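Below you'll find a set of structures to go through.
Look for subunit A in each of the two complexes below; its partner is subunit B in the first and subunit C in the second.
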Partner chain A sequence: MAELRLARRSSFLPLTGLMCVLLLVFVSVASASRDVVSENNETWRGPAGETRGDSHNQTNSTAHKKAFPVLSFNYEHVRKPFEISLWILLALLMKLGFHIIPGVQNIVPESCLLIGVGLLVGGIIKAIGEEAPVLDTKLFFLYLLPPIILDAGYFLPIRPFTENMGTILVFAVVGTLWNTFFIGGMIYGVCRIEGGQLASVDPLSCLLFGTIVSAVDPVAVLAVFEEIHINELLHILVFGESLLNDAVTVVLYHLFEEFTHAGTVTVVDAILGVVCFFVVSLGGILVGAIYGILGAFTSRFTSHTRVIEPLFVFLYSYMAYLSAEVFHLSGIMSLIACGVVMRPYVEANVSHKSYTTIKYFLKMWSSVSETLIFIFLGVSTVAGPHAWNWTFVIVTVVLCLVSRVLGVIGLTYIINKFRIVKLTKKDQFIVAYGGLRGAIAFSLGFLLTNSEMKNMFLTAIITVIFFTVIVQGMTIRPLVDLLAVKKKKESKRSINEEIHTQFLDHLLTGIEDICGHYGHHHWKDKLNRFNKAYVKKWLIAGERSTEPQLISFYNKMEMKQAMMLVESGSTAQLPTIVSSVSMQNIKPRGPARQRAIPSISKSREQEIRKILRANLQKTRQRLRSYSRHDLMIDPFEDNVSEVRFRRQRVEMERRMSHYLTVPANRQETPPVRKVCFESEHKVYTYDDSKSPRGWTAEPDPSPPDAVSLLNESSQRANQSSEHRAKHNDELRAKVPDEKEEQDQLKLSRCLSDPGPNKEEDLS
Partner chain B sequence: MGFNGTSPLLDQRGELRPEDFGAIRELSMNPIGDRIISAFFSPGKETVDFASFVRILAHFHPTETSRSRDGVQPEPANSRTRKLKFAFQLYDQDRDGKISREELLQVLRTMLEMQVTEEQLQSIAERAIQEADLDQDDAISFDEFRKSLEKVDIDHKMSIRFLS
Partner chain C sequence: MGASQTRTEHKYQDLADKTGFSLEQIENLHKRFQQLSNNEETINREHLDSIPSLANNPIRKQIIEAFFDKRNQHQDEVGSCEEIGFEQFLMVMSHFRPPSLKTTEEEKEAMRKEKLRFLFNMHDTDNDGTITLVEYRKVVEELLSKSGDIGQEAAKAIADAAMLEVASTNVPHMDPDDFYEGITFEHFEQILKGLEMETRMYIRFLDVETPTLRCGKSTS
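Coming up: the complex of A and B.
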């Protein structure tokens, strides 16, 4: 049955896609048959068509009096949005199709497929004789690129990024410079030698071309690397490089552009160029940081208007990008800086629903953008004017590869002298092979004004892009497997790791202080102190400003556990009271527990539910994945309150009986994993987990403690029913007390032991 | 700054006392500063001479992965295990080979200073021990410690560049 459905679906989608394509074609035809409308030329290359038979496109204005039209057709009215929506819909349907058709995505990366689709659509449109929309530079840089970069910047893994900052900068700046001059110079040499059509190419144009074609593209890198899941270090190296080389590219591009117009180059110009580089990059970062702080500050006050919180994040970031572009600063770096600066504070301030919204919207927009970019790349390839020159193109492709390899090897040799963890040959190969070019190169090429060379350059650029994305993109996955490159370790951060990592941070800072060496840890520590002392107070609302990182991490883990509980188990499974997160080897016992679940009255339930729901707004989850397609399971669905409620119910009962019956043997104390929200209610949690750890430990002969636990628990279970009623009343009485008490509990997420003394009151 | 200012002292006496460490300003701000200081001194001794000082610092030498381990050489001071052992000893003040709950609590208390309540600390410590404690003895032994840190790149983290 499922296969039938699948088959039907997989045949359904291409059909829909085909219908979309046909619809698009129809639209293009229809649009060609009217007079040029000026507004449409902006984003779409409006067809300069002549009026054809347009009977069905007339608005209802004729000379003679007709009967009142019941149904009329007015396409012009909605043309632009209609076309845009249709394109996006097509893109998304294609994307959907690729994921449904089994097996395809293991061989071919999605970007290649999308380019293929673009080629197809472009071909169809061209065959019909219409002009296809081209990847307009403005469209690309203002609408399609920012979401991708924002998504990348907001979820940038900060720790590996800053740890490898030196390496990344060297690759980005020096590497791009090397690529530019090497390619530009060699191309010029080849043109000189070759003569003929190429003789008229001047050195500055060559250098300009080198600039455009040498920049590693973040979009392409993201698209390909995401699917191969290599280890964090390599990912951040290539990706960081692709982000940071934007500054270099911008400067060089404008530099050479100016020079080609000016005609001559002086030393002063060269020095100004260097200065310009610093201005562009640092200025971009500064602009981004300012907007980031503004965004963080704004989010401090949004506690009453939660629904517009995500918008602030998006708008401030977009403004940062646009503002940087106004001054010809590096928009990408500005966007990255804004996201990085804003994120810790915004995350502390916004509700978790807003956080989820931000996350999903960013992923959504960047996904759409990426898809559109690749499709348009395909379409533009078919549409654009081409001037194919075998020598030029082949030489360009070869040179790109060669210069990349040489650059990486040379730079790594130098870098390894300064790195603690050296880059191996395998790493170097992946870094070199991962230098993909993409749509940025294409758009920059499109901006070229020198039309005689432009077509030839454009053709070469497109060829390079195709080569890198398709050939390198397709082969990188088998190569990664072949070379046995370390893959990304999917690991759950444990509280131990967090504690020990912080401890080691302090230790290393101390040692550095002893040595008098102001190293990485020293500055990080200083930054943290500054952050804690001054910045957090301003940018984070309320009491969260004093919450240490460890606590928020702990809370996050608690919530995650709660979610694991609800995702994995039914109520019957819940009462595995004493098992801990991952390393428990006491077998959960189902049947004995079932008796332990009390039933609480309906009104109590409602109250609890209400309280939980109200307070769940405040908790956080830190996202650690920067992948586009596989978001970590977001536990904050609506059933979280269910979980809380269930867990708490059982915990309550258990703790009741525990305090009444069990002697103070620490071992039997259920793990004190309690999360109490602002609510007066003692929300107990405990862990249950289906982690393999817990299960594989089953066959072990249980330690004697476990045996006694079994006995204890059944004892407890018996006890529990007795005290159930008492407990309920007690709980009711307790609520008003705890209301006052809660004010004294400092933080909203306090992990408070409910306090044995309260329980003992019962006995 | 570090010990540059106190090197005359070093020359004079040839050894360091805890007060000399205390003179370093940043170290006194460090939450675990006193633990670090005491790590330099062997138990019972009041001074540390230059050789021991360097020996301790040698733990933070970047690991050389290319060195072949033929098993005959004594394990180098900067190997991953030795680094972890050093860190472990900072937790384990009473040197019984295990990090008990109390010791963990103390560390957490100093790291988190005044910002959390006692119950929170208890919960965190409880959970940490639950996670790491494999043999159920309610304390973290060195092996368990090492295991819980297996995903962290200790070689990178516990190395100071300039020492190479």
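Coming up: the complex of A and C.
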């Protein structure tokens, strides 16, 4: 126990030390950057002094010629990128720190910690007397928000989203409207009652305030919900709502702002507002869809320039966002629509590496953005002008909670009449509790025109954000555990589930047709058929356009398995369940058995094989470069790496036994150095008797053969089986082709019989 | 007039208790039944075959067959009939009812078992209690039947991989000499546990009176 604490402390200290140093460096540089603003009368240390020295140098050089400067200092011209990079670096180091320090992340969600850091940094900057950078609205909406939304939209789980679309829309539109008017109205009432400082607040400002503070924020929701892993339905409900309420927020915000300037509201204006809502949302979706189709179409032709494929995805999406913002349409909905429309076609067209690149870049950018947003939020809190008014702030916070709860309960009552799978009380609670406010509210508040009320509003908004993110964010995890809310299903999609999902789709469509009414499944089926018949032909290159979904799923799964196998390497991280079942066990016994193993399309298989070989090749080449010997392998030295390599290959081939059948072309396989040795347990002796063939420069035995034999030996994930498998492998070296497969099977059976004894020996 | 009304109501009530539908739903389904059967007492396979929108469905034959399968009537009979009456029609349809707010956990479990049993019966065509590799292959082939040649080649591979997965999940350690006979109902339940059938396998049955049903069938 004491050691644990000691260990923790020992890792804690250098980390905090590092962070302090970084903070100091950052702050000093930040202060240096202010030298243009502040006066030069203060005594500064470090870089600031240097800049002055630099100007001295300049003046001196004009007076008389000085020696050629070997080392000079010119900070000005890299100042901006330097600062930005330093900020980002600091943010990421903080994020890193939180994951290293054990135990912290179980109690406090990351967003809270980041806000805390922001507060700290802001406090330090203020203490020094500098002007802290504020969360600039333009910076936020144009640079920080899009990556997060694109990441969310691109990886949006479509099936649950469309199945619950009605519910999500009701929550997003009606719920936000309710929140806005309730909060705005009540605040106005309270202000009237309270009087004093608040008496000057007019109803439209209150409504505007209500709009800003009532919208559920996708960034905060993502940040918190990602860590609690609740079930898909609740996640998509809250998250979908946070995305779709952007349209409502945009419309209401502009509407109320216009009205505040205009002064009076007429019925016509109200009707125009409703029309505006439809234009904003549908227009945003349309813009996004257009860019999505353009992106999908472009990706059809990129087979020769694979390297720039990811860029197309990012740029088209960003353009969709910006184009929507030009017309004051909902940029968020445009971005989501673009990602959703583009994704199935792009994924069918791009190479595997591009797909990985897209995935990781999106995750990376959204992660950085999120971190920066929360830190800036903290800094801006300390920096910004505040006007604290106890009544106003407390009432706002209470009203937010109350209106959210009431809204959810009321809406669920209505929604449950139309839903088949009803929302239970627990679900309602999580939906209500998960309505977090975040940086969007803050930025919108910042955009308000300056008035004495603006500061009060901002203070209240910040308080609400802090309350929801910190208090609700921290307590939602224990509450989820307490209420035993269903968590996310962890298991991966299996081929059986995929088959039956498809089967169910067709079955339910058929039953609906027999019943005679056009239901949900009927329209989905129609859309799928339309998609297959027309759209896919245009947007997907080559033969992939006619590939049915089940087959693409199957191929993807194989690819993933191959990748996983190669990457997991030799250490004991065996990816899936270890089972001794093989094709042998399920094939019906009978004389008409041609192949022992199933087949997939040749091109696919070649691709998989190429990947495997490339990776094997690398390992092999590495080994080769380390080995001092060429033909003669010194068993004492190279054995360990060879053993690892062997084991890796054997495991890989065993896994791939399920899928690969086409024998590799002899010419393609690299020559194998046949190494014969015993298992690790024994002394490394070269046993002549066991390997009659000795050294061969023979090409790889065709995997089906090796595989069929590997299947023969009872597979356990320990060394004994690999040991025996290696033997079998070597002994199989000479196997020529499939026709002799049957014989080989019999042969191997005989040869592997001494196995069990050995196992008992070694285990 | 009054007597016949109460008689139909009485009959419907009987059916409602047996299948769990509401009276309005049974009304609507009865109307549909009569439309499909040309106002006769029973329907046979041709009646269902002639529904135009079913023509595009890859597993059409299996669906139609399921209606005539005695195993789905919950009466411990096996085999298939040539024609079915309204009550049998309703029994099959009752497999697609959704759970309500009031269903308890045990009822949900029972519902899930029932739905999985329905699916199992659809796959196990020779009624021996297991889905053999041949039968499973047929299932996947039918699923991909509308996709041309690519479908047929890959169907075998997919079916084999799926079967392998079932075997590996349920019987992890098999000797090379053992043979996995087929997917039993328990194994079937096990592998589809994650799908939560009771929340997926349902369709919406119309509650209210519908004047005309839009999806008609061509008159034979």
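By our rule, the second predicted complex is superposed on the first by the 493 of 763 C-alpha atoms of A that agree within 3 Å, B and C clash if a C-alpha of one lies under 4 Å from a C-alpha of the other, contacts with A are read in each partner's own complex, and residues count from 1 in each chain.
Here is the rule we use: a residue touches a chain if its C-beta (ideal position, glycine included) is under 8 Å from a C-beta of that chain, and two chains touch if they have at least 3 such contacts.
Please read these numbers as outputs of a predicted model, since none were measured by experiment.
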Practice item. Considering only the touch criterion stated at the top, classify A:Asn528 as touching first (subunit B), second (subunit C), both, or neither. Key: neither
Exercise for review: Would you check which partner chain A:Asn74 touches, where first means subunit B only, second means subunit C only, and both and neither mean what they say?
Suggested key: neither
Review point. If you stack the two complexes on chain A, which partner ends up touching A:Asn416: first (subunit B), second (subunit C), both, or neither?
Key: second
Point to revise | Partner chain(s) touched by A:Glu497 [first = subunit B, second = subunit C, both, neither] | key: both
Exercise for review: Find the residues of subunit A that appear in the contact set with subunit B and again in the contact set with subunit C.
Suggested key: 420-422, 489, 491, 494-497, 499-504, 506-517, 519-520, 522, 529, 546-548, 550-551, 554, 580-585
Exercise for review: Spell out the residues on subunit C that touch subunit A in their complex, using ranges where they run on.
Suggested key: 29, 32, 35-36, 48, 51, 53-54, 56-60, 63, 93, 96, 98-101, 119, 122, 132-134, 139-140, 143-144, 147-148, 150-151, 153-154, 156-158, 160-169, 171-176, 178-180, 191-192, 194-195, 199-206, 210, 213-216
**Study point:** Complex interface listing, subunit A residues touching subunit C
**Key:** 416, 420-422, 424, 489, 491, 494-497, 499-504, 506-522, 525, 529, 543, 546-548, 550-551, 554, 577-589, 598-601, 658-659, 711-714, 749
Study note, to complete from the structure: Contacts from subunit A onto subunit B in the complex sit at residues 163, 418, 420-422, 489, 491, 494-497, 499-504, 506-517, 519-520, 522, 529, 546-548, 550-551, 554, 557, 580-585, 666-667, 671-674, 703, 705, 745-747, 750-753, 755
**Study point:** Touch list for subunit B against partner subunit A, complex
**Key:** 1-4, 21, 24, 26-27, 29-33, 36, 57, 60, 62, 65, 87, 90-91, 104, 107-108, 111-112, 115-117, 119-120, 122-124, 126-128, 130-134, 136, 138, 145, 148-149, 151-153, 155-164
